Amino acid sequence: MEKKFKPNIVGFLCNWCSYAGADLAGSSKTDVDSSLSVIRVMCSSRVNSNLVLSSLLWGSDGVLVAGCHPGDCHYEQGNYYARRRFALLKKITEVLKLEPERIQLSWISASEGKRYAEIVNKFAEDISKLGPNPITSNPKV
Amino acid sequence: MNNNQKETKSNPKKGKTLPAEKSIKDAVLNIFKKALADNIVDAVLIPAKVPDTDAYSWILLQDESLFDIADPLPPVMNVQGGRALSSFSKNGELDLKIAALMRPCEVRAAVELLKLHQVDLDNVTLVSIDCPGAMPLRDYMNDPKKINDSFKKISEQWEISESLRPACQNCHRFSLMDGTGSDLHIGLLGENKKVTLISNSSTGRDVMDKLGFEPKDSLDKWKATKEKLVKEKSKKRESFLKEWQEKIKKTDGFFNELNKCINCHNCMNACPICYCQQCYFDSQTINFKPETYLQKSKEKGALRFPLNTLLFHVGRMSHMVLSCVACGACEDACPVSVPVGRLFSMVGDQTQKEFDYIPGLNREDALPLQDFKKDEFCEVETPNECEEKVTEEAK
Amino acid sequence: MKNQNVLVIGSGVAGMEASLILADAGLKVHLVEKDSLIGGQTIKFEEVYTNMECATCMLAPKQQEVLQHDNITLYLLSEVKKTEGSAGEFKVQIEKKARYVSLINCIGCAACFDPCPVSLDNEFEEGMSQKKAIAIACPGALPNVPAIDPENCVRLNGKKKDCNACEQACGFGAIDFTEKNETINLEVGAVIVATGFDQFDVSGLAQFGYGKHPNVYTAMEFERLYAQNGPTEGKLTLREERPIKSAGIIHCIGREEKGYCSGVCCMYSMKFAHFIKDKSPDAKIHEFHTDLCVPGKSHQKFYEELSKKIDFIRYEDIEVKGKNGSLEINFTSNNGKKNAVKSDMVILSPAMIPSTGTEKLAKILGISQDSMGFFSTKDQNLSPIDSEKEGIFVIGCAEGPKDIPDSVSQAEAAAGRVLSLLQ
Amino acid sequence: MNKKIGVYVCECGPNIPERIDIDKVIEELSSMDEVKTVKKHSLLCSNDGKKFLKEDIEKEELSHVVVAACSPKDHENTFMKVCEEAGVNPYLFQLVNIREQCAWMIPDKDEATSKAIKYIKAGIQRVMFHDALKKKELEINVDVLVIGGGISGIEASLSLAGPNRKVYLVEKTDALGGMAGKLSRILPHQGTEMGIVKEKIEQVKNNEHIKVYTSSEVKEVRGFLGNFEAVIKSTQENEEGTEEEIKTGAVVLATGFDLFDLKENPVYGYSENENVVSALEFEDMIHSEKIELKNGKKPKSVALIHCAGRKEKGYCSKVCCMYNLKFAHYLKDNLPDVEVKELYMDLCLPHKQDQSYFDKLKDKGVEFIRMDELVKTKKSGDKIEVEYRNNDKKDKFSVDMVVTSPAMVPSKGTSHLAELMNLPLDESGFFKELHEMLNPVATPMEGVYITGCALGPRNIPESITQSHATSGKILSSLIPGRKVKPEVKVSEIKEDLCTGCQTCLSVCFYGAISYDAFKGVSVVNEAICRGCGSCVGSCPSGAIRSKHFTYYQLYLEVLEALR
């Protein structure tokens, strides 16, 4: 690695809370690490293992799933299901040692622009420390 | 169903012991012959040896005379019983009373498929049987005679033999216990030259009454022997899990195991829980324009084909592993001997613990991903918000 | 009533709800707001009891709807000056103050704030932070367009006639110093009054030491202190930036003076305790209350949960003293015993009172106020939102203290009454 | 590729150029062969910006449009309208957020620029696979079914019924009026005589647009906003089984409450003391103007006990305090020398006029005693001994008569009805509102509304208000002659892939999905679906497609992100 490794992170944000939170981070001119690419979905419950795993196995170095805080879901219950699906995925990657720290679930509300920045920057930092996703750089896969 | 559930948890006190002078097989078959003769059931779903071949298969038997090809405990698990049951009962109600004789893992699969609306059990009496395990399909096909003999020996002595399928060597749910949602169970352990019929649900009790089998014989001996064997096999399972955790302690540990995979998806086709019409990972949704792949191979230096092997396995895992009954059908079906069954049941073990769920145990338990609590899994949230408690109590 | 126009006064949660329902029904809604932004008091809250939902997330979609709805005309910085006529044919005169910033051209980039030479207290933040003479109330305020405060802008108050710092900074020609106040005349069929509430002024009550001791806060100050988009960006500290180790929350401030229970203070006071516990779990918290008013399905459970973590004290009388840098709360509890606790912070939960201008508006609309100063209604029991004057409805806290759900219910009810009269 | 995509980059004045090298962006994108044209504009959302956009779309005869500008929250609708005016289906458009989530949060200009390019490319990839979604329009029925003939149901019916709107009012008992009909006076300040309720009942009966069904229940309700079908069944012995099927556009549940059974807890001494009466029984006494003990004598002392069942049920019923004050007033006014004690836990007087009503009582010499807990209520001679605990000390007194105020609990039919219509209940067994704060009378099922004590304890004014609220909701969503336009970005099932496992049914909060047993597949009712995609996330077969957020569209975004 000649120059500092810059990770490629995919972030699935729910339309109502987290995406709005990201907007607020922007409109209040908060610096946010550019390694994360935002993909907007209506609800975190739309994001299942298919989306997270594909992203991971097609080369992203980290995947963030963000939604409304528990109890705040615009669709009442979506994020509770999202959390269960994520918990399963997290466990699988743990057991198989597929670097579980590369996937993250966070709750970010529409008023938490600052929190959005903090979470993304921290995540990007952690991933940079981890280095590139071995799963994808590994010719065996 | 409600009392059914209670009973699967409680352990039955007494059973009905039946003589087996001629052979265990005979004694077992007699139960079903009687059930059919007395019109307690209209048909029996049971493994059978295809005449004039070495092949085994399932038959839905209505003609008594065919019982002689039936075999309650074949040396191999050619098709997972749950799958067999689903294949004819999934579309619409079954108005035929059926007794299905299956291995405990097959019964558990059937119960999971019930929750997934892939079987109809309303008219089905699930009968499980103490299972000595089964032999690897490939070994059997190579030398049926030899394998038959060694299986005979193994099943008589209940030996945890290296020549059994790995899934069976490590199986601690081979008999009636928490983890078997059957209505009736046939105990072979303990007494020799005897089989014991045990009711495990109101449906089961009902059938026993109709058969005129009053459960008054003690189960102590059966239980004692069973428990002993369970301990032994549980220990075996423990060490198997440890061993595999060792094997997969580095990131590439897992795909080293998968390297041989030729993406034939036999594992998925053999799996009783994989019930989809078409597997998501066979669908067009994950096929893209050539340039995408050229791009990728450029980035990585080389791109491996067939594509998405790892995605398929981990993805399939994320779809079914919470219902995995560790039957080993997948591994049996793998042409290149990927230890896929062991991998899946290892993951199954730990994920199911996470959700405090035992597949096939309780027909009333909701499937983990169809349910939620408001206040749970805070440990998977970042930042970890375990302190933040929702005031409403869990749903 | 044939006229399909409706005037809604006040754009708080009640005013917005009523406007949206009527607008969806195809009526033309004229929404008058005296402030430069919409959302009322609720948008000042970080979270609302009992489900602790984020108020901004909850309301932002509603605010956007109001701003984008074809059937809603919004008059910001505006007040009703005159009304005449009767149900079905009210003639209304509105005075709209100049904003000096174009709602159409401005895109809310905030480039104009820094250059502005004038700093002043931000009353939206209860004076706990500074803003410029051209500013938005808080991040995320909607519409996200600043307004110029003519009293303080040196250009407009004539102190520095040639100042055009903001104009310079604006890339959109959105600043217009020549904008004038205008008078708008409308004809509407019905009027919905949703002017909300204010907070009882606690500085009159010496025993609580508000104003004397910096760490005695009012409820609304605390709401902003906790808010992510507030002056401290949600960081809970005392004025001198010390973390909070102990806090006393005193209910029923001004209840005696006012002669009524505001119905919501108990709950939001408990919400505060929940907040503090949340941020600093080992903080020691006392809730000083008289009767606990926790009506509502989930409220008592919330209280029971909380009472495991903090102390509830039933007081008969109470006083806040400064004691070497910290505060001391002296109280007599209902068993007659005198006692005292030290506390870093004291939060006062004051009664809700009619919003300023209620009296003036009552005169303008020709409707009366009750003994407590809120707008009075025809029959407390059977037409709880009809004013004595046909065609004028009173909703939300303008009618009396109440919580968000009850305000929303009344808003929807007012819409219901109007639409029902129309069919 | 015969698609003609136009990309428009908005500078948003200085905001975007400051942080993003727009010319570089344009250069990069022009090289893509899917793209027909790339242009920039200083402010697309301005009037001349919109004009420019419309004209250029027409001039270039574009099939798809991508705008790179601000957050969709700001101007997605604006530009969708422009597309529509320019003859491009508004869903063949994608707004790429390069302001808030790019220019404004990435300080380094090169980084921001390449980020913007990524985002826009993703938008281009995505938009090519958008479907030209069309808004559907559904005919609606504007009539309303009101279940429950108490004050809430009556009020709702009266404000809903009109020349163009029929109301079907179903009451399970043989008379309208409900609980309120049993009360002597409505609170507060005893002003309102209950004659009013009778009047309202008359108004209902005389209203040609309201059809009343007494001694009837609703056996079945199916459908969605604007299109409900219900079966009303008579429960009268003589005409057993008479059923009527009706069609309506909305349903209002006003099923009221029942009272906590005082026999449940011996401390209230209800069953063993004939002179311990429930609040409702006391209301009857007031009605008949006979406040008497069982032995016919007038009581010399009466204890009014609040909060019966509050601890058991876990909530405060809100209204008991006030009607106990009403009782005290009545006693003092009618038996001047009677001694009255009020035994309460917390005085709950949440409405502005409540406290003055309470203050007046003090002048009449009513004794208020606070308790933490009622210990027992037992017979002693011909008196009743009441023992209670306050703080740590116990105390007791004796009176001739005890009036006990039981908590309000969900009415009997509630859970059955909830099951019938698959509506959620809260922990206490009352109906659950769609949103505790902002949607207090709505339910997950659009077109089904709830009012009054079916939602939990509340007083009459609040119930009436909520009834008007439900009519507000209904009158604004069901307008004669108007069609309803359901959300178009909804889920759809690919039948050939669906295996009928019904996982999607279990995760859909709105009950938008049903199972077609004949075909063996799930079916989405697009009129109910809100498009959250939870079902899509739950389907292992990938048999559910969320329009405008399909797997493929999202994957393309992912792939671009990973370039």
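Letters A, B, C and D mark the chains in the order given here, with residues in each chain numbered from 1 onward.
Keep in mind that, in the parts below, a contact is a pair of C-beta atoms (placed from the backbone, for glycine too) under 8 Å apart; a residue touches a chain by one contact, two chains touch by 3 or more.
Everything numeric here is computed off the predicted structure, so don't read it as measured data.
Asker: Name the chain whose C-alpha centroid is farthest from the C-alpha centroid of chain B.
Answerer: Using the mean of the C-alpha atoms as each chain's centre, the farthest one from chain B is C.
Asker: Please identify the chain lying most centrally, where each chain is represented by the average of its Cα atoms.
Answerer: Answer by centroid distance: D.
Asker: Report which of A-B and B-D is connected by more C-beta pairs in contact.
Answerer: Between the chain pairs A-B and B-D, A-B carries more contacts.
Asker: Please report how many Å separate the Cα centroid of chain B from that of chain C, as a whole number.
Answerer: About 62 Å separates the centre of chain B from that of chain C.
Asker: Using mean CA coordinates as chain centres, what's the gap between chain A and chain B in Å?
Answerer: 36
Asker: Using the average of all C-alpha atoms in each chain as its centre, how far is it in Å between chain B and chain D?
Answerer: The mean C-alpha positions of chain B and chain D differ by 45 Å.
Asker: Taking each chain's centre as the mean of its CA atoms, how far is chain C from chain D in angstrom?
Answerer: Averaging C-alpha atoms per chain gives centres 24 Å apart.
Asker: Two or more other chains touching the same residue: where does that happen in chain D?
Answerer: Residues 73, 427, 507, 538, 542, 551, 555, 559.
Asker: Could you list the positions in chain A whose residues touch two or more of the other chains?
Answerer: Correct list: 20, 27, 29, 48, 50, 54, 58-59, 71, 74, 77, 81, 85.
Asker: Would you give the residues of chain B that are in contact with at least 2 other chains, written as numbers and ranges?
Answerer: Only 280, 286, 319, 369, 371, 390, 392-393 qualify.
Asker: Which chain B residues qualify as touching chain D in the complex?
Answerer: So the residues of chain B in touch with chain D come to 90-92, 116-118, 275-280, 283, 285-286, 288, 292, 295, 319-320, 366-367, 369-371, 392-393.
Asker: Would you mind writing out the residues of chain C in touch with chain A in their complex?
Answerer: Going by the criterion above, the answer is residues 46, 51-58, 60-61, 108, 110, 139-140, 144, 227-229, 233-234.
Asker: Tell me, which parts of chain B touch chain A in their complex?
Answerer: On the chain B side, the touching residues are 245, 248-256, 259, 280, 286, 296, 299-302, 304, 308-311, 314-315, 317-319, 321-322, 343, 346-347, 350-351, 354-355, 368-369, 371-377, 380-383, 385, 390, 392.
Asker: Residues of chain A touching chain D in their complex?
Answerer: Touching chain D: residues 8, 10, 19-20, 22-23, 25-27, 29-32, 34, 37-43, 45-48, 50-51, 54-55, 58-60, 74-78, 81-82, 85, 117 of chain A.
Asker: Over in the complex, which chain D residues touch chain A? Could you list them?
Answerer: It is residues 71-73, 97, 99-108, 111-112, 115, 118-119, 122, 434-435, 444, 489, 507, 509, 530-534, 536-538, 542, 546, 549, 551, 554-555, 557-562 of chain D that touch chain A.
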